[in-house]
Amino acid sequence: MITDTGIVIAFYVIGASTVVSALMVAAVRNLIHAVLFLVITFTGVAGIYIVLSADFVAMAQVLIYAGAISVLLVFAVMLTPTGDRRNAETSFQAPALVLAGLLLAVVVFVIYDTDWRIASRGQFTTTASSLGRAFFSPYVVPFEVASVLLVAAMVGAIILTQDEDEEAGHAA
Amino acid sequence: MLPEVLLATVPLEHVLILGAILFAIGLYLALSKRNAIGVLMGIELMLNAVNVTLLAFSRYVVSPRPLDGQVFAIFVITVAAGEAAVALALAVAIYRHRETVNIDEIDVLRW
Amino acid sequence: MTPRPLTLITDNWYDIRDLSNLSGKIEELIRDANGPHWAVWVVSALLGAIGIVAFIGGVAIINIWIERRVVGRMQSRLGPNRLGPFGLLQPLADAIKLMQKEVLQPKAADGLVFSIAPIAFTVPGIVIMAVLPWGRNMSLARLDVGILFILAMSSLGALAVFTGGYGSNNKYALFGAMRVIAMLVTYEIPSVLALLGLVLFSGTMDLADMVLFQEKFWIPLVLVQPLPFLIYFISSSAELNRTPADLAEAESEIAGGYHVEYSGMKFGLFYAAELINAVAISAIIATVFLGGWWFYKLDELVPGWMIFIGKIYAVYFLFVWTRGTLPRFRIDQLLAFAWKWMTPMAFANIIVVAAEVLIWDETGASAGLVLPLYIAFNMLFAGVLIVAWVRFMGPRFSRFPDRLRYFDRIDVPSLPAMRAPAPAAAAPKSGSGAPARSASEGGGDLRGGRLVGGPRP
Amino acid sequence: MPIKSEPVEVNIGPQHPSTHGVFRMVAMIDGERITDVKMIVGYLHRSMEKLAEERTYTQNIPFTDRMDYLAAMTSNLGYCLSVEKLAGIDVPERAQVLRVIFAELQRIASHCMATGAFINDCGAWQTPVMYTFRDREKVLDLFEMTCGARITTNYMRIGGVAFDVPDEFLPALDMLINDDLPFRFEEYDQLLVGNEIILMRARDVGVVSPEMAINASLSGPMLRSAGIAWDLRKADPYSGYDQYTFEIPVGYNGDSYDRMVIRIEEMKQSLRIIRQAVHILPGGPHKTEVPLAIRPPAGEAYSRVESPKGEVGFYVVSDGGAAPYRWHVRAPSLINLSVLKEMTVGQTIADAIVTLGSIDINVGEVDR
């Protein structure tokens, strides 16, 4: 249960700004602006994580999302020609809007309808070391699988972006 | 002491609703954006929303292993990083072959 | 993140050896006065924030002077010396001039992005200061994941630089922006790996705990981990855009890069933020490699934050030194250096450190025995690794360039119209593989050089 | 199939920190690679060659100062030689030696500037410029001692030099060439020659092949770096250069690095020449008395000297009047610049700056 006044204020302020910037991602017309708003959203989500006393995940979020993925997005945007840097919608805009709204309504209904087993636990004191232990005892197999996944992703990305001429040259 | 308003708590439902809103926005982005990179941004946003939910459960809900939610969130972040790299590589590869990242025009697999 | 409860210091509040005494006293006063429980946090956070902002303000002013004076000495000139004693007031004059100047914005610039960039560039450097331990009990926010926080924040700065470069709608600025992005993607990896070795060795990501580790074993980690120090120093100088790697501004190539369109105080913010970031990185190095506020027994006599600032400026001097000495890399050379040199070395280092930690844990040997061995081994390892890498992966040019050829007589070919029936004189014109050596016969003296002519393959 | 990228047209100059003045280079850039370069000169054109037709031969000497303002002495010398050749004026022995001393001092000053600015273009943070300027200043002090000016010296005169050197000149020169500069040049050797970063930046950058160098009529360090031994002081000696012992350093690769090393070596050789010249400096008049308004017989004359930048030639046509009928200057900076496109296309933008720096142009001379 989060009862600390400052944290309560922080949650609502950060949550509101996160939602607003997420909406701006959908609303702005310039793709670069959308990426920048997305960075603000990611940082805001990291703030929410901190409110939820998950400091390690929050820092990983800033490092990976705001630091790395947004940079990748920027790279990808800069690789596209200037004319394609609009943030326009397809003809699915209205159905998507309806679907998203419906989903939101259903989820909110479910959230309020469920009886959660809420603990009266205080904040986590430290998460980094216990997370590390968790990764190496109960979750060691998923951890290794994740590393394999990352290697596969890296190799796949390299192969996908490799010049075909160069590839042919290597094969020959 | 403090006024009553400031003594309020953050109920679990509010955190989950925040996650739901972010998820809905991400879904909208992923479904409606014309640019492949816009779609990818929506997917990343959805993953973030899921993480918010996971961490909220980890924080609020009684469990023998309270940190499981965080562990799972970290796996989600890991997968998201890999996914972003591959997806952006795909976008670049598609652009290289089709000279567009407009997903309306990437339709060779339509029929 | 809520800071941990401050440890109450029994010393007197006016004891400036440890500024946490003051905040402890204030906390005590609030408790005694039955103040609201959150007031403690607010007051201590405000105190720390004011202290850090004051320090940063001083840094932004004084470091201009320090940098110009030091570089001036290196360049055999005096540096600023007219305004005030030793020219100390020169940065103030610069700041006033910058404030008076008109803030221009290009008509086609992306207004919002253009204006946000300098601010976004300044924030990470300041925020990093918050997690640093300034003394035994002096850290504004003692994070368990301090190092991760630092890495996360320093990766945000490059995005701000990109924002400024993109928003300026200028080709030079865009070049700078794209170079920053490429360098960030590249240099993030070795710097993370370098710090990872330290985290492995000290067993904590908390910066305060890292200092305590170094205090406990009486050893600055730079001795145990010389290779990560080099790697982190180089890669952070790339992240800071300082001279061996200042490709993002590259005055001589792209005329200032990402801040070419900025003027007035917006430029001033960029300029100040560069200094602040440099000090922030110096402070990180001082904390994790040099032992922060601890220096053998000195920290019992001198306030810890003074030792810390002294170490910060020692590292900062290294940055100024490299800046005053080295020419710039080319972008491909810089990226290749990160991928081919620093990243593999950092990986090798992590393996070595992991093995060392394992050995230490398993044998349970005393630190006095293990650490000197590790120091010797790691120094040797770093040296061997660097030398071997230079041998096998070094650039393709010969280590020392070909000596020049020297001619003291030149045979002049006669013009065709004046040419005698038998053209005896050899023309100095040459084929592709054989440059003229008409003068090399006779008195031509080829001092100590290999006579390998022609362009290199 | 590579990613199709849009080439960007970038103006490097006329106001750019590394174009050494108001030279403008319009580069088409694909990523960081240069695909095309267009050179645009003329921002500093002062039509000196036309203005000279309205002035007497003596009045034209200051124009030559303002062409290559970093090597005013050698420009002066070349012009005076051409008029002397045209009018058949003999130069006293003392003036000859003084001319050599000052031309070689000027070469040191100009090469100091070129080397420092070149390393600056490689991206050093002003340090090499400060070091080389420190030494250039000492040379300029000697100029000031002799003729009152530091840059636009206007020292050579038709028939000799303007002033004899003052009494304190020779001790100062002796100290400079024996105690000061040799150690400075050793310092350059230690700091610059073999420096890894400079090697990485300048090796195989801006390569001139020997054929290209000859076909484009390059001269000076540009030509010598390509491996062709050619120096007018040896090939076509003037002002008694044939009586001095010195050597011409010649490179192998024709790249920017060779040009830098050649400049440093040439400074050392200049010191050798100056030492010998001081040794043989005879007494006597410093100038042949010639009328202020010389009226050379109708005809033409071309004389050339080895300036720090290359062969600077002056072509003077007289119709018997007090002003030249036609005056043309062969400016080495302009001609050395003409291969810039061949040197830079295919390189990165950073290499192009290094290449331009290694050519050592002087826009005052390029545009005249």
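What to note about this one:
Chains: A, B, C and D, in written order; residue numbering restarts at 1 for each.
Quick note on the criterion: contacts are C-beta pairs under 8 Å (C-beta built on N, C-alpha and C of every residue); 3 or more make two chains touch, one makes a residue touch a chain.
In this text, all values refer to a predicted model and were calculated from it rather than measured experimentally.
Compare each chain's C-alpha centroid with the centroid of every protein C-alpha atom shown, and the nearest one belongs to C.
Chain centres computed from CA atoms place D at the largest separation from subunit B.
Chain geometry summary: the mean Cα position of subunit A and that of subunit D are 61 Å apart.
Centroids of subunit B and subunit C (each the mean of its C-alpha atoms) stand 35 Å apart. Each chain gets one centre point, the mean of its Cα atoms, and the points for subunit C and subunit D are 39 Å apart.
Remark: subunit A and subunit C have CA centroids separated by 30 Å (rounded to whole angstrom). Listed for subunit C are no residues, as none touches two or more other chains.
Listed for subunit D are residues 1-3, each touching two or more other chains. With touch defined as above, residues shared between interfaces to two or more other chains in subunit B number as follows: 2, 92, 95.
Against subunit B, in their complex, subunit A makes its touches with residues 1-3, 5, 7-9, 11-12, 15, 18-19, 22-23, 25-26, 31, 34-35, 38, 41-42, 45, 48-49, 51-54, 56-57, 60-61, 64-65, 68-69, 72-73, 75-77, 79-80, 84-93, 95-97, 99-101, 103-104, 107-108, 111-112, 116-119, 121, 123-124, 127, 130-131, 134-135, 138-139, 142, 146, 149-150, 152-154, 156-158, 160-161. Of all residues in subunit B, only 2, 6-10, 12-18, 20-29, 31-35, 37-38, 40-41, 44-45, 48, 51-52, 55-56, 58-63, 65-68, 70-71, 73-75, 77-86, 88-93, 95, 100-104 touch subunit A in the complex they form. Residues of subunit C touching subunit A in their complex: 1-2, 38, 41, 110, 112-113, 143-145, 148-149, 151-153, 155-156, 158-159, 162-163, 166, 178, 181, 184-185, 188, 205. Interface of subunit D with subunit C (complex): residues 8, 10, 16-18, 32, 119-127, 130-131, 134, 193-201, 203-204, 207, 209-211, 214, 226-231, 234-236, 245-254, 257-258, 261-262, 265, 348-351, 353. Interface residues of subunit A, counted against subunit C in their complex, comprise 4-7, 30, 32-33, 36, 39, 50, 55-56, 59-60, 62-63, 66-68, 70-71, 74-75, 78, 123, 126-129.
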